[in-house]
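Input: structures, listed below.
What follows is chain A paired twice: with chain B in the first complex and chain C in the second.
And now, the complex of A and B:
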């Protein structure tokens, strides 16, 4: 009986998530002051500013993080900012490659002049400390094994203070590392792109001004996509997420009604005076 | 010496990196930066060690034909093939990326997506309002959940505003308390490691 019930619950879930993907409902996105702050900050950066994007994205977090990284990357490129892409997890290399492709194909960016890909570094927080404290000593070659001293863009970077913005896209703690080692020590503006689960923790750093903006989950990504006028995967999946959440709420409420009704019935059935 | 050596290394590394953070003296800053770079090299070795360990573990399962050994054999074949491809071609080569995009990426995303089904079952069976505290938690959860999606705005513009207030005020206050408490604990633990009082990282503990 329980197995049958579970199957029905799962089947309804599949239908509910699939329907809005086939026929979007166009539900409103709602406000997102943290994402708006991120958009405004990037929009005001002068052309040719150098920014770092830490794409610590893995397939498990891709649904939430890649759309926001892509939207912010596109915004940087539309404004003519130079972008350094790096990562602190092995899978991030693939997303760095994808962003480089977008830069070259959509915006005509030239590798080494407008965009640069730094290789993955093991060590997590320690690797970020090395980047923040002495970027030129932390890296000597790019992702493709070329000496960085040969690349024109690298000549304009001597220290982390030459960077206009460091942003991260992570399901881990990269945004906390940025606040600790890039903002607190070097006063370089930082921006966090996090999964929705991390937002309640990361918001504190935005409130304190340690992060200039915070983009969380699909909602943040969808908001950013609409701000740059290029609706993508995040906007498409917002309706599915809305209905999915509504279904979870329905199950929680219905489950409680069933629980309390059956509890009451059991109490009524119990013989008087007995325990 | 077996114990004194690691304690001395921990003390010197910890003190130099700590001083490098607070003092502006160039020799100390340079030395601290050098230690941080060594840490990255050690982390890379740890990664390689993890790979070797996995290889040994699954290799033994295959050799001894233990339960589910074909899965271990598949792991070893994939591990070796992908490793050779990565080393000989590069992780950004077309062949490496093809396998990553068509095998690993969909498989990893699918595995993660399965959690949604378990969450759905949990919503039906596990989230029970047994007392008023659970009731408060449930109402808060419902509001924040609705505030995260367009449906909340569609029902009432007040919902996302209220959800935002919950996240930015009571939640932030609790998170700050947890973070400050945790950080103080981390500072104490770090001091204990630097001073050689905490020795569990040497696997043998205090003995």
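And now, the complex of A and C:
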């Protein structure tokens, strides 16, 4: 009986999420001050500023992180910023290469001049510390094995302070590492792109000024996409996400009502003076 | 409908994984094992690339210092030999030491001092008053000694103990609200994974909705 109920719950969820994907409802997006702050900061960076994007994205987090990374990448490119893409997880390499492809095809970016892909480095936080403390020592070759000293963009970077913004897109703790090692030690502005699950923890870093902006989950990505005027993957998902939430909220309330009424009924049925 | 075999493979694998929602079945098992196998293979290749580029190539250039991390890395595999497993402890100790040293320096400043500084704000708005009350009451939930004495053992500080008890009751609600927020964002995150898969199936695979890039 319980298994059947679970299947019904899943089936209804699938239908509820499917319908707005087929026929979008155009539900309004709520305000997102932390995403707005991220947008404003990037928008005000001068053209040709150098930024680092840490794409620590994996297929399991792609749905939430790739749309925001793509939107911010497009914003950087539309403003003429130079972008260094890197990653601290093995799967991130394919997203770094996808972003490079977008830069070259949509914005005519030249590899080595406007965009650069640094290879994956194992070690997580220690690898990021190496990048923050001595970027030139941490990397000597790019993702494709070319010597970085041959690439014009690399000539303008001697230390992390030459970077205008370091942003990360992660299902892990990269945003905390940035606050600890890039902002706290070098005072280089940092921006966090996190999955919705990490948002309650990450938001305090934004409120304390350790992150200049925070994009969390599909909602943050959708807000950013609408800010840059290029609705994409996240905006397309928002109606489905909103209806899915409403359905789950309904299930929680209904579940609680059933729980409390059955508890009361059981108490009433219990014979007086005994268990 | 897509004619790309890669899209078909991805779509069938996605459906295979979701078939678990109906019940455990051999197709799900195949997809699950393929996913794990592919992930591990990718990880192994990336790991080897790192060892090759940062280890062997550097050694070939005459940088003998890289022998230290390489030997430490090999020692980690000694765990598989019951007789020599003690050797792996040196590598683990080194890893723990470096990770601890790197993390602690950052955590104290960014994770503790800055957070405390951020929590101490002038009480000029309703937000900051609520934040102060939530902070103080949530902390008192973890005062396990004060406020734990029974009514019969009440001493001269009974009013203080009562205050702490009252505060920890409020604090429990504050914690529940924050756990609720975390649960809510967990649902958001899970739906955030589910929706793109559906979008892929409807868009890239059967072309029922426009495929956004």
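We take it that the second predicted complex is superposed on the first by the 275 of 275 C-alpha atoms of A that agree within 3 Å, B and C clash if a C-alpha of one lies under 4 Å from a C-alpha of the other, contacts with A are read in each partner's own complex, and residues count from 1 in each chain.
Following the convention adopted for this analysis, a residue touches a chain if its C-beta (ideal position, glycine included) is under 8 Å from a C-beta of that chain, and two chains touch if they have at least 3 such contacts.
A quick note: this is a predicted structure, and the numbers were derived from the prediction, not measured.
Contact with chain B, but none with chain C, is seen for A:31 once the two complexes are overlaid on the shared chain.
Within the superposed three-chain model, A:54 lies out of touch with both chain B and chain C [touch as defined at top]. In the superposition on chain A, contact is made by A:217 with both chain B and chain C.
Looking at the shared chain after the overlay, A:174 reaches neither chain B nor chain C. In the superposed pair of complexes, A:197 makes contact with chain C only, with no contact to chain B.
By the document's definition of touching, neither partner reaches A:114: not chain B, not chain C. Applying the stated contact rule after C-alpha superposition, one finds that A:7 touches chain C and leaves chain B untouched. In the superposition on chain A, A:183 makes contact with chain C only, while chain B stays out of contact range. In the superposition on chain A, A:129 makes contact with both chain B and chain C. Touching of chain A by both chain B and chain C, each in its own complex, is seen for residues 10, 60-63, 90, 93, 121-122, 126, 129, 145, 185, 196, 199-200, 204, 207, 217, 219, 241, 244-245, 248.
Residues 21-23, 42-43, 46-47, 49-50, 53, 98-99, 102-103, 105-107, 109-111, 114-115, 117-118, 178, 181-182, 185-189, 191-199, 202, 208-209, 212-213 of chain C are the ones that touch chain A when the two sit in their complex. Chain B contributes residues 21, 29, 32-33, 36-37, 39-40, 42-44, 46-47, 90-92, 97, 100-101, 104-106, 108-109, 111-112, 116-117, 119-121, 123-125, 127-129, 138, 142, 145-154, 157, 160-161, 164, 167-168, 171-172, 175-176, 179 to its touches with chain A in the complex. Put simply, chain A touches chain C in their complex at residues 3, 7, 10, 14, 17-18, 21-22, 60-64, 90-91, 93, 119-122, 125-126, 129, 141, 145, 176-177, 179-181, 183-185, 195-200, 204-205, 207-210, 216-219, 231-233, 236-237, 240-241, 244-245, 248. Within the complex formed with chain B, the residues of chain A that make contact are 5-6, 9-10, 13, 27-31, 33, 58-63, 90, 93-94, 97, 121-124, 126-127, 129-130, 133-134, 137-138, 143-145, 185, 196, 199-201, 203-204, 207, 217, 219, 238-239, 241-249, 251-252, 254-256, 259-260.
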